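One structure, pasted below without further comment.
Labels run A, B, C, D and E following the written order; every chain starts at residue 1.
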Amino acid sequence: MTLLDVRNLTVSFGDTRAVDGLSFSLESGRVLGLVGESGCGKSVTSLAVMGLLNGATTSGEVWFDGHELLTSDRRAVRRLRGDRLAMIFQDPLSSLNPYYPVGFQIAEAYRAHRRTSRKQARAIVVRMLERVGIPEAERRARDYPHQFSGGMRQRVMIAMALCLEPELIIADEPTTALDVTVQAQILALLDTLREEYGTAVLLITHDLGVVAGTADEVVVMYGGRAVERGEVHALFEDPREPYTRRLLAAVPRIDRPVPDRLETL
Amino acid sequence: MTPLLEAESLVKRFPVRHPLTRRVTGHLTAVDGVSLTVRRGETLGLVGESGCGKSSTARLITRLAEPTGGTIRFDGRDITTMGEAALRPVRRDLQMIFQDPFSSLNPRMTIEAILSAPFRYQGLKPEPGQIAELLRRVGLRPEHAERLPHQFSGGQAQRIGIARALALHPKLVVCDEPVSALDVSVQAQILNLLRDLQEEFELSYVFIAHDLGAVRQVCGRIAVMYLGTIVEIADRDELFARPAHPYTAALLAAVPIPDPRIERARPRVVLSGDLPSPANPPSGCPFRTRCPRAAERCALERPALAEGAPGHRVACHFPLDTSLSREGAP
Amino acid sequence: MIVYLLKRLGAAAAILLVICALTFAVFYIAPDDPAQKACGKACSPERIEQIRGQLGLDAPIPEQFAVYVRGIFAGRTYGTGPTAVECPFPCLGFSFQTNVPVQELLVSRLPVSASIAIGAAALWLLVGVGAGVVAALRKGSWWDRTAMGAALGGISLPIYLTALVLQYVLVVVLEVLPYPRAVGLLEDPGGWFASMLMPWIALAALYAGMYARLTRTELIGALNQNFVRTARAKGLPERTVVRRHALRPTLTPIVTVFGMDLGALLGGALITESVFGLPGVGKLAADAINSSDQPVILGVTLFAATFIVFANVIVDLLYAVLDPRIRLGAA
Amino acid sequence: MTLAQLAEAPAAPPATAGSSARQLARRILSDRAATAGATVIALLVLMAVGAPLITAITGQSPNEFHPEAIDPALGGLPKGSWGGISAEHPLGVEPTTGRDVLARVVWGARVSLLISLLATLLSTALGTVLGLVAGFRGGWADMVIGRLMDLLMSFPSLIFMIALMSVAPDGDRELMLVAVLGLFGWPYIGRIVRGQAMALAGREFVEAARVLGASRRTILFREILPNLTGPILVVATLSIPGYIATEAGLSFLGVGVRPPTPSWGQMIASAVPWYAADPVYFLVPGLFLLATVLAFNLVGDALGDFR
Amino acid sequence: GQGGGTTAAPQGTASAKGGVLHVLASIDLEHLDPARNYVTSSMDVGRLIYRTLTTNAAAPGPAGGEIVPDLATDLGTPTDGARTWTFTLKEGVKFEDGRPITSKDVKYGVERTFAPEFPEGPPYARMWLRGGDTYKGPLAGEDLKAIETPDDRTIVFRLNRPVADFGSAVSMPFFSPVPKDKEAGVAYDNRPFSSGPYKIEKFEPKKRIELVRNEHWNRATDTVRKGLPDRVVIDLNLDPAVIDQRMIAGQGEDANAVQFEPIGAASVAQVLTNPALKERLVTGESINTRFLSLNTSRKPLDQVKVRQAIAYALDKEALRTVRGGPIAGDIATTLLPPAIPGHRKEDPYPVDVAKAKALLAEAGFASGIDLTLDTPATPSGKAQGEAIQASLGRAGIRVKINEISSSAFWSTVGNTSQQHDLVIDGWTPDWTGASTYLPNILDGRFIVKQGNQNRARYDSAEVNKRFDEIAAMTDAAAAATAYGELATRIMKDAPVVPFLWDKSAFLTGSNVTGAYGHVAFVGRVDLATVGLKSAR
């Protein structure tokens, strides 16, 4: 079943087109990797899907489980947001409000969509925090974001995104700010949870390695357009577009002999 | 021949202050007894995770920061306590390239001014055409000289930073994550450029990165840092083929490989827990809190950086490769 | 934290001491002889000598200063013998003009200044912050531009101009308000309100402009924060997003600035009080300056500085209370 | 003594456009309000500079009494309505003396503008140098300068300024005003410069200069200062209206320039008793003052967005 | 004579007892302690609180200058060639606690004025009473032998020289009774013990003083004070312009108010053009003369021609205009105002700029001279300074204005080393007569280094001698004429240039009655007679 269907999405800020006629679709339970270099429009795409873009003109269609998001009224989109489609941002520190304990911020997400008592919400928060691997969840729920390390903060973000068991998670560079060893932890966590909840993931990253390890399908973006899309194995083994090929060749790999020079675009 | 750079037991400690009261509440040891040497013409890589003290080490060996302890010898001279004036001539031979290409260029200066600054600050004058030649050398055009930094892309700006470091033909260039802020395609160009320039100018590099792929591409020898200390140091191929420290192994395993077939087949070594805070390091071996092989001894005794195989030194009580182990596996 | 607080209070006291010393020095090193000023019209050389003795002006200046400072904490006695006058803690000296202890004057004037300051503060917070919030939420709209134009106008208004125009229009022409006079809030609440309204408006016009601009800038900044985007992504209603996530961080700088402004105003609104003829601390200062009543000027300066300095301390503490990053220490 | 956070405002953004004079002018001209402000300032400056010319044309000197223009029997109220506005006295005359208000306003503009500009210059110079040193040097220099700023900012400055002016020896009042305004004004600029310098000192181009062997002084004045011209210009512009208002306030409170030199603050002060009988007399200097302050604020605002 | 008891009530007569009278004052009360009360505003208020042996009649115009008995039964009996003065106290006069006022209380009150702690008073007692030059006041533990109290109602003053107008002198507050047990040193200032119709209930300096009825004051013993309102509330230190506007508006309580100082120039037009307001305007005479003192000890003012040039050049009309125009007073042409006996109608220096220039040229200053003028740093001082500057400027006399803080003004210009060339000056005699006027400001032997009142520094042997001769006269009328002639003589030397004989005009609330300006209080309202039409 197609969960998310983006058709001919175009986003412009004034005269500049950040996203230009982008189309892709995502089946429920699957992982779609959106890769591309900095500034190619990945984040703008994700924000457009979430309806969080300010001051941009948008055209095209974004269908989510039978709802067209771009033209529906704001209230309806807001109800979906957080509940059925959730988002994880790149920089977990600035994405968490420094003035509130993390437990409160997760509970807030939950209570925005489910009528529960504070107490029930607290219990859910603690369960969620334990679930994403935060030790002493009960106590840490009362801590503020700045008291967590980068990896822990990203776990909090994940707990927040998953607490309502959404059907789709949009993860915009969830590991870019993290170290490789922590990145490995977070990717593994996302993987387990995704399988457990059957959630579809739109994984945005510039790291081809991350896509290779996680995604089922890949869309390669360049300058706001999709230059290539396909099933992950096919795309990596036999990239049809020269851009994709060069991009792959530019990555210094640790599993191959050291080349004299790296390929450049 | 003496090594170009010899750093001996470098320590850098910062006071930790309360944000409101400004009272010193403790100390943060960013660099905790780092010793390394750089030979003439070689590239020494320094990898490690964020906050492990790479930049601090770089700042110490370029004397941008005052070491709390240890000595630095550069080109046969002890520069540990040299004053600003005495250091000035040394700086001609000891240059640095920075991580953020824009932040490292003064936004109010033209490229011309930025590139003539090395001469000016050394009391020299660039010869006519020298700036243009520099620009050409790093792949830019002479007419770029009149522009301001913001008129360049990240990759171009980093080239300017490189040109500035090379202006006075230094012997050693410390590169602190020169490619981390760049996209892969641009990163590749810069890595190639650094290699080309090394041959041309007979440079030595200290190349800092958190990306093992990039380090592997340019370095002959690689040191792995963890929590302010060097845990392993070896020739490139040796390190990648036979990592002896469990941390090095975990690091290698965590690097994603852009090939689904290989990547999905690899066993995932997921380290538990986070990097401890350098303000509150664990006792004994700094890695023991995340180490799958940690034993009682690791908490009590700090392993020294000892040579196992020739040129391969590791600081671990229970290294992975038994040939390096002094006492055998647990 | 306690140590910090003590340190801060110590530093505050040190600043006050320096201010005291400098103000003291200005008067006592100035070419004019304080005794001569206290002497009045019927002045004779003997009289001047006598005043010198009475006020202790014949001692070396550092000693006079020490005596003055000691007087603040322990009280002091002026003169000797049957004409000695007791000046109890916290002695700020005697007014040359009225022979009343300065601290008594200050205490009797504080209610007026406090009425003006607190009322004006409430008004400008209401208007300024309100306008700033609406302007930020409708950034670029007609309302935003109008409000910000008005704010700039308010900031540019010389307070005496506002005060006089208000008085001319409301009192002289329209006769909707009486001339302001010093009435206690408890004695005559209606009269108090009617008397204070114009000073409040005049002061609030100035400050509301600043607060509207500050609020707008801060709120726009907060609305652009990533965590606000996160709040929206959670599906929170926009009102909750603004109130809980954007306004909360905006509050901190406003509270900080507010504390200092209020502190400064409590020490007397010199021009406002003078124009409206309200006997607050500011008017006391203005009169004392006009009549060179040095002990009073010194006292008012110290008094006002005390408010400013302690407002500073309180604001810093508030900042820590409001911001968990500071309260709990950075990671 | 206030939180460092307050002063450590975000550093100058990586200057998207070098603020050359041309771009600056373009920026002002692109903003209608700022253009109006700049025009008003230009007119005021012209008026102040051309004061002798203007009074020569109108044939009125600022200090000449005109008993024929007032009615002594009515307490010296100007004859005619609207404060005695006539062809001869376009802005009316001063009650009780009959002095020409226009002549006094234009000569008063000289005083107001000159004093505030000089005070701005002084406080900006002091604030820039001390703020730079404090922010870049850190350590004890920062401590000493920081304490000094705390101290000056803890002064109830208006009271103290008046007190200082009122006991000041019989010297040049204008210079005294400039000195006093500058002395109490610099910490506000100093704090901003300090914060910006601190932020800039952490930027990599400063490290780059150090690695190249630049001395601290060179870095401070060659590398950091040029990046601060924008913010300094803005705070300086924004502080001018404050000085104008303060100078007028001091004159208003009776410690301004020496009579008969006209100044707007003194004119307003002497108009206070007349506000009901002759509202024109306080409105004229009052509105000039308002227009001047507003104009500087408008321009400063436009520059503020610019940096 | 006993005649002054009836008071004219120029503002209607239907005055009811009771109510709260408000007084709006822009000044502060300086000292209420009778030993220190020596400024007209405080003396006006003091008249409500304490009684003196004699006092000024309560009457508008020059009649107010008449001295009438107060605590004493008459104006005193001189014997021994006016060297001994005997007064008898009325019966039934009481303090606020009901105890009778005795001659000892009066004696103690006078003795206090000798204490060095209370230097503000006039010098007469010290000058005239025998042994007064060495007596250090009762606080030092001794009494003054020159005052005798043979019984509780008789008091005898023994003087060291004949004083013809001692009966007038004892109208000053320094001759009011103070019970010895109420002595409080300098603190007595805040709460003097009442012998008059009112006592102090609350005193907040610089802000407000509230007086309430003294129940022990016996109206029958007092021919002067009326004591009509139940309370008198004096608001101090208000803005003068605000007072004017409040009085003009006359809202609420302000209907029961009188203003304590003359209306400002700015309000004159409003009042004079509005008949309803004009009705509430009360005028009062004054014996204050304003003049410009020329420091004859400094070059070039030591030349009489230069001084005369200034006298010709000074535009008195402009000076009067900045003070409010005709309502502020009459242009002074000579030293003695018309209200003072001995006044002569003369105008030796009519305004004549050409003549002034000519005189300057004659003196050798054809290119003009530069002078410095001392003025108080008040709006009025500044305005007068500018008027002087502008008018003298016409004759080529360039004046630099030196503003002096108002409180330091008199002590600064009274300090011979700090005084400059010109001083904006003035004088109010202590009672109607030239004896406490001309010698005070023009006798060269009174020039002292500090506290100097002869600010012209005028020292003419001829004039000094004449002062002594007039002082020895016992015939008051002859003395007055002699002073008049001497004034004419002095004006030839032009040491001072008189420019204004003050008058005052002030507004009263619509419910106020019995208000008039009293000549002894520079035309201020006589608080002792004011009442309210209806006691709301």
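Note that a residue touches a chain if its C-beta (ideal position, glycine included) is under 8 Å from a C-beta of that chain, and two chains touch if they have at least 3 such contacts.
Chain labels with UniProt names: B = Peptide/nickel transport system ATP-binding protein; C, D = Peptide/nickel transport system permease protein.
No experiment lies behind these values; they were computed from the predicted model shown.
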**OP:** Touching both chain C and chain D: give me those chains, sorted by label.
**Re:** B, E
Original post:
Pick the pair with more C-beta contacts: B-C or A-C?
Top reply: A-C
**OP:** From the Cα centroids, identify the chain that ends up most central relative to all protein Cα atoms.
**Re:** C
Subject >> chain C-chain E separation of Cα centroids, rounded to whole Å >> reply: 40
Original post:
Hey, how far is the Cα centre of chain A from the one of chain B, in Å?
Top reply: 31
**OP:** Report, in whole Å, the distance between the mean C-alpha point of chain D and the mean C-alpha point of chain E.
**Re:** 46
Subject >> Averaged-CA centre spacing for the pair chain E and chain A, given as whole angstrom >> reply: 91
**OP:** Mark out which residues of chain B touch at least two other chains, giving numbers and ranges.
**Re:** 20
**OP:** Please list all residues of chain A that touch 2 or more other chains.
**Re:** 149
Original post:
Using the touch rule from the top of the page, what residues of chain E touch 2 or more other chains?
Top reply: 239, 245, 377-378, 405
Original post:
What chain-chain pairs meet the touch criterion?
Top reply: A-B, A-C, B-C, B-D, C-D, C-E, D-E
Subject >> Complex contacts: residues of chain C adjacent to chain A >> reply: 225-227, 229-238, 240, 244-245, 248-249, 323-325, 328, 330-331
Original post:
In the complex of these two chains, what residues of chain A are touching chain B?
Top reply: 37-38, 149-152, 179-185, 188, 206-213, 232-233, 236-237, 246-248, 250-255, 258-259, 261-265
Original post:
Which part of chain D faces chain C closely enough to touch in the complex?
Top reply: 1-3, 5-6, 33, 150-151, 153-156, 158-160, 162-164, 166-169, 241, 245, 248-249, 252-255, 268-269, 272, 275-276, 279, 282-283, 286-287, 289-290, 293-294, 297-298, 301
Subject >> Touching residues (chain side chain B, partner chain A) in the complex >> reply: 49-50, 183-185, 187-189, 191-192, 195, 210-214, 216-217, 236, 240, 250-264, 268-271, 274-275
Subject >> In the complex, chain B residues that touch chain C >> reply: 18-21, 23, 25
